[in-house]
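Here come two complexes built around subunit A, the first alongside subunit B, the second alongside subunit C.
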Partner chain A sequence: MSWAYIQQAMPDYIKAFWLRLKLSTIGIAGAVLVGIVAAFIIYYKIPGHRIILSYIEIARNTPLLIQLFFIYYGLPITGIKIPAQQTAIIGLVFLGGAYMSDAFLGGLRAVPKIQIESGRAIGLSTFQLSRFVVFPQGFIFSLPALAANVIFLIKETSIFTVIAIPEITNTTLDLIGQNYRTNEYLLMMVSSYAVILIPLSVFLSWIERRIRYANFGN
Partner chain B sequence: MSEHLIEVRNLNKFYGKKKVLDEINVTIPKNKVTVLLGPSGSGKSTMIRTFNGLEPFNSGTITLFGETIAANNKKQWAIIQTRIGMVFQSYDLFPNMTVIKNILLGPLKVQKRSREEVIKKARDLLKEVGLEDYENAYPRELSGGQKQRVAIVRALILNPELMLFDEVTASLDPEMVRGILDILKNLANQNLTMVIVTHEMNFARQVADKVIFLENGKIIEQGDGQSFFENPTTKRAEAFLESMSF
Partner chain C sequence: MQILAISTIFEGNNLLRLLSGLFVTIEISVISIFIGTVLGLILGSLWTTGNHLIQPFFKLYLEIFRVVPTIPLLFLFYYIFPRNLNINLSSMQVSILVFSLWFAAEFSDIVRGAIQSISKNQRENAYTIGLSMFQTYRYVLVPQSIPNILPAFINLSTRIIKTTSILLLISVTDVITVGQQIIEANAQDTLVPLLIYALIALFYFLINFLLSQLSQRLERKFRKYE
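And then the complex of A and B:
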């Protein structure tokens, strides 16, 4: 193990780290938005909800790798060219949206029927009921699944290497190819994931406990 | 307007093939207390829930405040619901809101009343039910009886013309039941139109201007409260009263 190689590679890893953080943040934020909208469409059986259900099935049953290939290498055949980073974000939103909608839907469905009836009994409209009763409570119920999805999606970013995005896995493979220092670069790669995933996991568990307690007292 | 706030005609309701409300014909008198009685599973709760549109029905009509509503007309129900208050058996406060937010949600968001006016009214009502110190508490910090009192305040602040109570004391400790029943008695004395589903027979006897007795989804007997308790006209009602007076 040579510290000199690690030190030398540090700037590349820091760059790759920030790039992954940027792509993950935008992708996960998009996935959460898609997930919320899709969950409400299914929950209220709004016309078109079957299309959303089909989207979820397709997104969850195809690997992100294939989705990225399709967007990056397949779509240009039809004349649609999307740059690598945007492809990565679209892929993450497409896949993540399906998982997030499942998480939110589980949360919304866990809201007791009596809560909805109480809201109706005081005259709340469907929108008001969603805004003040169903979503705030459903969100709490969906937190464990939501947190698991965030971590899953961050880990999925390692696949971005297949469309030549210089994120952590890609940087690692490049450096190993250049310098043949497998141990050093693999250690750097694992550390780069651990440094973000372990604190995030601890933080999400903490916030889940805090919010659950604040809302329901258990 | 007629002296009846609700007129139900030929109402039928099925759960699958099972008929849970069978040719219901009733009137609910204005400014009076109507008590629904009957054994468990007789259809009392289902019936009271049809009065504010929470339970869709299969056929028949309900005329509320002079307006006839056909089965499942959601738009009509949405307008009517703001004129009806309902309190349920289970504690139905929104756990993500404090007591005061639970109470203010309807008047501020649905009725669009001024914040100042409703806060003042909310505090007056909380004081009336002895919960003036709990406006910033969350439902989890309250006992069952306290939650039910807040639920009553939350319904009353909407100035309802009709109040529905569905077994509101059924989940409470005996000690807490008294407090809730006192509040209901007080409301009855204010001539608020009320429909109450209860198993508290002494209470029913004290407040009922009218009694509707149900079994297996059918109305077996209905009439004024005093006559029902003193001289039930059907054998079934007589047997029911006897079984309840142990």
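And then the complex of A and C:
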């Protein structure tokens, strides 16, 4: 172990850390949006929900790595050239959207039927019903699955290294290749992951416990 | 040009090579799932015995394998073992080791949840009629928790099969590495990457889709009996 190498590599890791945070945040926000829309389309069986269902099956049953390769190396033939960072975000939204819509759908379906019927009885439109009755309650029900998905997606971002995005894993491999200092850089890598994931995991399980505690008198 | 690209897949033994790459993927997954299942079952059961001495260690092990993504884990085992402990493992063995430990960590949590959801009376009754702790788990608790475990087990298996795609990073010749070799050999044909990656995606999709359908069917079947 030599601290000099760790100190020297610090700026690289901080840069990688922010890049990863940026890509994950945009990707997860996009995935949540896609997930909510897809979940509502399936929930109300809006025409075209079969297409959404098959999208979910495709996204869930193929590895993110292949999805990224397909977009990054495969699509340029058809004239669509997408830079690496955008590819990463698209891949994360594509994969995450499917998982998120599953989480939301589970939540929406857990809303008791009586709530929906009561909403209809007092004359709410479908939009109002979704906005004020189904979504707020369904969202709470879906939070545990949502939290698990967020952690899963942040972990998946380590795959971005295969399309040469200088995130934490890629930076580590580069530095190992340059300086042959495996122990130092691997320690840095693991601690950079821990810095994000441990607080997040604690925070999310805290939220989960709070929700189970409240539970809305059900 | 299109016809040319499609024929590359069937040219020579390209398809055969892709399938043998797929076989490596499946081999690693199956061995890891087997080892992970046995280990996970033991760890998950031990957790529920309420022994306070071993619980902190389990928790640490579980958290490490759940928090650190698989790629860093692979590199940790790939670089650190040979250098610091003088153990030489082939990349195949490293991947089986990492995936088994990862599967065991996740699976033990599933087992723990399933056993804890069984009514306490079952355990007490078993002790009352004189079963030992091992017998209680073997004949009472584990068999009853199987309906809860099985769908989650299959989901976890599809996850591990998908995650094996990262094995190309530690140079295991899996289906993706073979695909890249074929793409490099046919670099003049620009349509080949699209086709090869689509084909590999199809392979993964078929395996995982069948498994997830199976898990959904099992879930529905068990729910009927509740």
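One rule holds in what follows: the second predicted complex is superposed on the first by the 208 of 218 C-alpha atoms of A that agree within 3 Å, B and C clash if a C-alpha of one lies under 4 Å from a C-alpha of the other, contacts with A are read in each partner's own complex, and residues count from 1 in each chain.
Everything below uses one rule, namely that contacts are C-beta pairs under 8 Å (C-beta built on N, C-alpha and C of every residue); 3 or more make two chains touch, one makes a residue touch a chain.
Predicted model, so just to flag it, every value in this text is computed and none were measured.
On the superposed subunit A, the positions of subunit B and subunit C stay apart, so the two partners fit side by side. When the shared chain is aligned, subunit C comes close enough to touch A:Thr182, but subunit B does not.
Shared-chain residue A:Phe69: touches subunit C; no touch with subunit B.
After overlaying the two complexes on the shared chain, residue contacts for A:Tyr193 are found with subunit C alone; subunit B is out of touch. Applying the stated contact rule after C-alpha superposition, one finds that A:Glu156 touches subunit C and leaves subunit B untouched. In the superposition on chain A, A:Arg120 contacts subunit B only, with no contact to subunit C. Of the two partner chains, subunit C is the only one touched by A:Asn61; subunit B is not.
In the superposed three-chain model, the partner touching more residues of subunit A is C, compared with the other of subunit B and subunit C.
Of the two partner chains, subunit C is the only one that A:Thr169 touches; subunit B does not reach it. Distance between subunit B and subunit C in the overlay is 19 Å (nearest C-alpha pair, rounded to whole angstrom). On the subunit A side of its complex with subunit B, the touching residues are 114-115, 117-125, 128, 132-133, 136-137, 140, 215-218.
Note for the complex: subunit C touches subunit A at residues 63, 66-72, 75-76, 79-80, 83-84, 158, 162-163, 165-166, 168-169, 176, 183, 190-191, 193-194, 197-198, 200-201, 204-205, 208-209, 212. Listed in rising order, the residues of subunit A touching subunit C in the complex are 57-58, 60-67, 69-70, 73-78, 155-159, 161-162, 168-169, 172-173, 176, 182-183, 186, 189-190, 193-194, 197-198, 201. Listing the residues of subunit B that touch subunit A in their complex gives 52-54, 78, 81-82, 84-86, 88, 90, 92-97, 105-106, 109-111, 138, 140-141, 151, 154-155, 158.
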